Every structure is written in structure tokens, then in C-alpha cells.
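Next come two complexes, and both contain chain A; in the first it sits with chain B, in the second with chain C.
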Partner chain A sequence: MAFDAQLAMTNSVAKITLIGSLDASSAPRFKEVIEEAAVQSPTKLVLIMNNLDFLASAGLRVLIFAKQKMGAAVDIYVVGSQGPVLGTLEMSGFHHSVYIQETYVDA
Partner chain B sequence: MTSTNPAAVRIDSLEARIDYYPTHEIAGFRLRPGKPFPFGATLVPGGVNFSVFSSHAFSCTLVLFEKGADEPLAEIPFPDSFRIGHVWSMMVFDLNCETIEYGYRIDGPFDTTVGHRFNKEKILLDPYAKAVGGRDIWGTPPNWDNQFPYRGRLVFEDFDWEDDRPLEIPIEDLIIYEMHVRSFTRHASSDAKHPGTFAALKDKIPYISELGVNCVELMPVYEFDEFENSRRHPDSGEMLYNYWGYSTVNFFAPKAGYAATGRLGMQVDELKTLVKELHKNNIEVILDVVFNHTAEGDERGPTFSFRGIDNKTYYMLTPEGYYYNFSGCGNTLNCNNPIVRSIVLDCLRYWASEYHIDGFRFDLAAILGRDPWGAPLSNPPLLESLAFDPVLGKCKLIAEAWDAGGLYQVGSFPAFGRWAEWNGKYRDDLRCFLKGDAGKVGALAQRIQGSPDLYGWNGRGPTASINFITCHDGFTLYDMFAYNEKHNHANGENNNDGGNDNDSWNCGWEGETDNFWINDLRKRLIKNAWAILMVSHGVPMVLMGDEMGRTQNGNNNTYCQDNGLNWLDWGLAGKNADLLRFAKYMIAFRLAHPALRSRYHLSNHDYMGSGYADISWHGEKAWCADWSAESRMLAFMLCGKHAKSGTACDEYIYVAMNSHWDTKFIELPVLASDCGSWHVAVNSGMQSPEDIFEPGSEPVLGDQQHFLIPAYTVVVLVAR
Partner chain C sequence: MISLCLPATLDSLDELGKYIMAATTEAGLDTKPAYGLRLAVDEIATNIITHGYEEAERAGDIAVSSELTDSSLTIVLEDTGIPFDPLSRTLPGEEELNMPLEERDIGGLGIFLVLKGVDNFSYEFSEGKNRNIFVMNRSGRG
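Up next is the complex of A and B:
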């Protein structure tokens, strides 16, 4: 499935919905969206991954970039990640840097 | 946005600077002269700095590939002006670091008589590559025609370690568990989600924690090729691999095939996550490192890296240009050449700082003390450099103090106040005593004290001695007492491989048996080994699976077996639950008693005024040890008031070791009234659960003056 990343800002919460495969070819697009979100100084970053079906090293690097870019004060929530994507997050240790949730309810 | 922070203003202006800008363009790539240091491929703003050393090359070309592609994406010759001394360096801009693989073509003389083997047809792996592609999934047969089999990859150093760092557990408090990453979880019984990987090992940390060991020593995890010298068994047709991995392809890269995420290029992240989780559980990580040779073998071997970059520098060569073979593996790394010394240092610093590794065990380390012509050095510069290196200052340095060329340095390895040694004499003497050989009690007494005969003469304490009875080389502990002879036919070498000096005893039957008495005796001997190892001064090391009776069916050299001969069968934890329980409590016993974990040798005197020497020796009669040639029984008592040289307080500990075939009626030393009474911690002659008691719950001994110790039994008492 082709990659897509959509940003929505609500009450200082940046919600990015990821769809498809996050690999070396799609990672630059995801990075652009992260930067777009960062300039709006969100208090929270929510990554909706229900429909993200693949995460490669390049995608992980952008997730780490997001953590660095947002700073320690901005909590990052990874929502709905499943199967291999969740496994990859856990095996690479990134799950320690974020909050992993099954669902997310807009405030 | 304008910052009010003056420091931020300065940073803003710095960010506006352009330090790295392209000055050249070749083949469509924007370039500039690179930085000679550090060697390897280093990410810099906007690009990658490539730097490679060769003292005899004429020219060098950077070869770039798209990941996995057969043909190069580009070949970029280093302009001559980009070479400083013997180092070619170049910055290449606008590379997609996630999709690039790189190597070098190096042109130079081919004259084997003087040691040069340049071949510009080869695309070579950077010795400093931080990740290697080409063997991403374990056991996937490679394309043998691939012109670039091992491919350098770029690595981001963005792992979030939080507050982790090496644990720095005092070495005398370590209990080392030697293990093979794949073997630990590859067996179906492990129930691992990703069998045989770093991730699966991480999921088993609760087991390791519960066992009580606080250090894992990982057999090689550097990139190696399991297909090196792979072949089919001539009779069974089974595939035989380079399974253990003692043959390095690259010293800086973790083995991708050990990572569940290796196919995604995340082996670095996965291994770091494993180290971080082990540290969270107070478990150190020691890496088994193989700097004595490489996977390029001798003149008949492949050329994929060192040989084609600078053969004469990296390898020890005979005057005729052939390879010295002190490793038994075809070639010998030229470790005391200053360039090679640097790569070893750079490598270990990298693992210590980037992976937070706690220590290193050096395979065939005696080679590291040979000069470029093979002669042993009295003051080897590499060993000295490692001992005094600031980054490695708190790392454990452990030598396998011998090599395949006959240099045996147990007790005499150049230690520089830092190095510990695998104590091969501990292994040999303990094995002989355990199976009931006569004339071993004197040696046993030395080994139990941390081998002062080996290390005391030059001021080294018991922590110089890594005590072990089994390791990956040789029989497992179960097989030690189930086989008299090796049974290595599965290796396809007509049973000629592997050592013949096993010092093992099959207890009356070669291999598996239903005989209750033989099996009972075997288990008792295993427990005896655990007990003596855990009450010995020095640093104990145990082999993965010995806590649950792992067998290799009598194979004492399973280097090539990717099957049940090496894979840990977790069903044994249930089948031999009594052994596992014994091992667990024996470890707990050691950790509960500081009297067993001193940095300094025992004096055999009472310097605390307790009325008892720090260690005293006993036999069937208290205070009268039998040191005669036919003796097979020895007992000793540790005075709790001398624990850790009198700086800690502990209970008195009495240990009786009977390797005689007869029961012995032994007299116990009488204790002063303030020492309490004897309690039974261990009696390996009893069936579980009476064979060992959890520390703190030991029952009081009925007869405080005597003890009837069965044949082949170890008894441990504590006084409180």
C-alpha cells in the first residue's frame, strides 16, 4: 500500500495518521510532516498506526528524529500499532521512548 | 523566532556556518576532501565522510551500491589530492544513507613473495564498517557469484540509551554465563517469537535473572559468515556451518543474522536494546572477541577486506609471504603492528562506548602478545594499550591465555594489573578431582583459593582467575560424566577433531542409560561441580545449559552444528528440575556470602584475632587434612570474620569434598560459642529437595561434631 501521512492539529495536539509502508522511500515524506507539526509547537504528538503495515530502519530513524525534534517535554503516543510494526518498535527499543496505546480518544 | 538567550544566538550563528561544502564533482556526486579520522564511513552534515587506510596501495575507488543491487550505482575514484599520507578520505554529499551500501576497489602491487595481494577486481569491505549487509537472515544461502558479498552499510548513532551505561559490577562479584545467542532460543521448546535472535534472548532475561547470574558472555556476535567452509556431512547429508562464529568478517558490525530485524537493517538497534534491557536487570554483557585471525583464511581463502586493502599490514607473514597460522584457522592478525593495534583499540572503544559493553573475552589471546614474526613479547604493546586505555578503563578484560601455536600463558599472561584469564588449570584440576583421581587435593586447594600458585607470585589476586569447569570448547557438564570419549562423528571429520584430553568419566556406561544408580551418580557429580565452582575464590563462569543438564551427545566440538547438539532444549528445565534448583541456590549461596568473593588471596593465617585462620584445612579429622598422594577427600573452613580481608562480616563456611568411592565419617571443627552452630546448606549426596537449601533456610545439623559424607559428595555447612 502506498504511504500516506496526514497531520491534524487539535488543541495543541499534533495527530499524524500513518498509512502503508514506512520505508526508505516514504520516510522523507513522514519527516516533512513531523517538521510541519514541530513548527506548531504541539504539547503532544500522537501517531496513529492502525493502518501502518511496515516499518523499516528509515522509518524508525524518523520516529527517533521526531522524539529529538519535539524535545523531552512533548510526549509521543504510538497508537494502534500491531503485528510486525509493534514488534519492530519493541525489538529496536523505541517503545521505551514513547507511550504505546491501543486506542486514542481525542481530547 | 528570536531567542533571548545569548548562548542560543551564538548557536544560531553557528548553525548558519557551512563547514562542509562540496568542492568537487565526480560521476554526478558532489564531493570535497574528507577528514582522515575517524576511519570508516561517518555521517557529517549533508553527507558522509569516507576514510580508508592502505600503506602500499597505488589508488583507491569508492564503490557505491543501492542496497542489495548486483551492479554498482557509482564508482568514485579518490582524487590524488584527497590522500594524506596513507589515508584516502572523501566526503560525499546528498547520499541516501538508508539505501546505500559501500565498498572499495584498491589497486596496488600483487607480489606474494613480499606479501602484497592487491586486486582491483575485488570490491572490498571497509574494516571499519559499522554494519554489514549480505548475510541479513541466518542460513539463507548466499549468491556465490556476488562480486560484493559483504557490504558496508551506514549506521545512525541515535539510539536512546536514557541513563544506561556499563554497570561496573566488581569483578569478584560476577557470575558469568557463557552463551551462544542463537543456541539459547533456537530450539522449539524455547517458545521464542523470533527464535535464535537478540530479541528472543531479551525475552528470556527473566530466566537469566531468576537463575541469578549477573553477567552473560556472548560467543561471537561480530559479523561472521555461517556459510564459511559450510558443507554437507558425507554420510548424513546434514548441512554443517560455521556455527559458533569464531571467524570474523568485520569487527565493528553486529551479526545481522542474529537480529530478528536484520532484514530491516536494524541489527544495531536490536543488539543495543538487548544490552540496555540486560543492564536494567543488573546483568553485564561481555563479548567474546576474536582478534587472532579473520575469515579470509590463508592464501587459498577469499579476498573480501583486509587482504585486499593491505595484506602485509594486517597479517603476520612468513619471509616468503605465506601466512603464519598461530590461530589454527589459516591466518594470524598482525596485532602488534601499530595500525592493527589501532583498529583493535578503536573497535573495543566503539563497543564500550556505542554499545555499552561491560567487558571482553579475547579468544586465543596469547596471539595478541606475539610480535609480527610470531615471537612472544615480554611487554606486548597491544595488551598494555588495552590495559591502560581510558575508554576501556572499567571494562573487564579476560584472556584465553593460550593459542594454537603452543604458547600457553595461564598464570603468566602479561596482565598490566588489569587482565584476568580463563584458568585452564582450574578446569583440568577440578575435572580430575571430581572424577576421583588421586593426587589432586593439593591442586584442588590452590584452585579453591583462586590459584595463588599461578597468580600470587606477581601480585595478582583471585580475580585474575576466571574459574570454569566447562565452556563452549569441550564437553558440557552433563557429558563430562556421561562420556569417556568424544563422539564427534556428526562433524564429518572422522572423529579426528576436538580435544582428547577431556578428563571425563562416564560413571560406568558410555552415553545414555536407564540405570538409576548411574544417572544418580551423574547428577551428584554435576552438583558437586556446581558446588565447588561456587565456593571457589576467583570469578566463576558456567556454560549455558549446564544448570539443566544440557547434552551434546558426547560431541566435544560442536562448532558446526546448527541443530539440537547446540540448541538449548528448554524441556530439560522440567526434566532436570532438581539440577536447575541446585544451580540456582548454589549461585544464591555464593552471592549471599562475601567470604567467597575476595579481591585478595587468603593468607592461611588469623590476622583478625578471631581464633581461626581465614581459611583452614581439614580431613576426616578436623584440622588434619590428608595431603597424601592417594587422598580424594578435602575439607576447608572459611572464617566469616575474615570475609573480604576482614572488611565484611559473614558466617563461617565449612566445605567437605569427597571424591572417594567410600563414605567418610568426618570430624567437624569445633566453633567458638559466638560463632553459632552448624547448619546444612548443601549435601549433594541427598535427593532433592534435601540436597540444597535456600540461603537463610538451612536446617541445623543434628550432630555438631561429626558428619557422614557419602561417596562422591560435597557438603557445605554454615555456622550461625
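Up next is the complex of A and C:
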């Protein structure tokens, strides 16, 4: 499934909605959106993943890039991730560094 | 299932994923092992394309084929990029996996996911070709 990443900034919260398949072919697009968000100095990064159906290590590396680019103080929330995509995040130890939530309510 | 020959570019990952999903459906694999196999093949194909071809400034193809038996589904990726044994790569250990993201190295995750996702993975190089072989058992996996 084609990948799409949409950024919305609200009250210094960067919310990115990820759709489709995130692997090496689509990771550059995700990285662009992270960079777009980073220049606005968000206090929090929220990734909506309900409709992200595939996540490869190239996508995980962009999450590492996001943390390193935005700084350790910017918390990352992964929302709506489920099934094997959530399994990949947990297997890779990312659940130690990001907040995993089923739903997200806009502040 | 018929084999497929794709240009060694990242744009081919989508087509490769569709091939793997069709093979796992035909083999009757459950969602989790089917996803694990698709992820493993995607990771190795990405390595072949980026390291075996693009960084080496080579052009070429990746051939994918499958074999279905009563007990297993085997997927083989074959390429003529530079020889590389994925199993020679150092994997992230427990300590690395538990580190905060801002302190983590970005390497090694792909091969780690390959080995977690399939029942058996092997590599061989012969007659000028890399062969990456993925095996999934058709029973006994949840």
C-alpha cells in the first residue's frame, strides 16, 4: 500500500499521521516530514499509526533520527499501533523510549 | 508459484511485498508469520539494493522464487550485486535494544528483524550470485 505522512502542528505538538507501508522506499518521505516538524521546535511528537500496515527497520531508523534531531526532551507518542507493527516496535526495544497509546486526544 | 525478476531499485520493494503476501496466502500462513516473512525479505532486499548495487554503482536485478512443500514455504532471493553475507553482521544485543533512542546506533536492526521473523535463514554465494534463503514452517507457529 502506498505510503503517506501528513503533519499537523497544534500548540507546539507535532502530529504526524502515517498511512500504508513504511520501508526503505518510503522512509525518505517520512524523514522529510520529521525535518519539517523539527524546524518548528515541537515539545511533543505524536505519530498516529492506526493505518500504518507495514514497518521496516528503515522506518525505525527515522524514529531514532527524530529523537536525535528533536532532542531527548521531546517525547514521542506512538498512537493506535497494533498487530505485527506494534510487535516490531516492541521487539526492537522502542517501547522503552516512546509512549505507546491506543488513542490520542488533541490537547 | 512463478518466479519474478525485478530491477534492483527501492521502487521494487512494493512489488516484492505483494509477491511474498501471495506466497504466504497460498501457503496458508497465519498473519504473524506471514508478516515476519514479508519483513525479512524486505530487509534483505533493501540491503541488496542499497549496498549490493547502488553503493557499488552497479545496476542489476533481484530474482525472487518460492517453493511450497507440505511442511514449509521457502523464498529465495538471488542477485549479482557485491557478495555480502548478512549473517556476518553484528546484531544489536539486549543492552543496545534497551538503550534510549537518542543514544542508539542505527545499524544492525534489519538483520535482527530478519532472524526474528523467519524459522530459518541462510546465505550462500556461488557462481557469481548471492542467494538469500528464507524458510517458514507451515505448522507449529502462532
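Assorted remarks:
In the analysis below, the second predicted complex is superposed on the first by the 107 of 107 C-alpha atoms of A that agree within 3 Å, B and C clash if a C-alpha of one lies under 4 Å from a C-alpha of the other, contacts with A are read in each partner's own complex, and residues count from 1 in each chain.
Keep this in mind: contacts are C-beta pairs under 8 Å (C-beta built on N, C-alpha and C of every residue); 3 or more make two chains touch, one makes a residue touch a chain.
Quick caveat: nothing in here was measured; it's all calculated off a predicted structure.
When chain B and chain C are set side by side, the one touching more residues of chain A is C. Using the contact criterion defined above for the overlaid structures, shared-chain residue A:Gly83 touches chain C, although it does not reach chain B. In the superposition on chain A, contact is made by A:Ser21 with chain C only, not with chain B.
In the superposition on chain A, contact of A:Arg61 is made with both chain B and chain C. Shared-chain residue A:His96: touches chain B and chain C both.
Of the residues of chain A, those at positions 24, 56-58, 60-61, 64-65, 67-68, 87-88, 91-94, 96-97 touch chain B in one of the two structures and chain C in the other. On the chain A side of its complex with chain C, the touching residues are 21, 23-25, 54, 56-58, 60-61, 63-65, 67-68, 71-72, 76, 83-84, 87-88, 91-94, 96-98. Every residue of chain B that touches chain A in the complex is listed here, in rising order: 96, 98-99, 156, 158-160, 162, 193-194, 198-199, 202, 259-261, 264-266, 269-270, 272-273, 276-277.
Residues 10-11, 13-14, 17, 31-32, 35-36, 38-39, 42-43, 46, 49-50, 96-102, 104, 106, 109-110, 112-113, 116 of chain C touch chain A in their complex.
Note for the complex: chain A touches chain B at residues 24, 27, 55-58, 60-61, 64-65, 67-68, 87-88, 90-94, 96-97.
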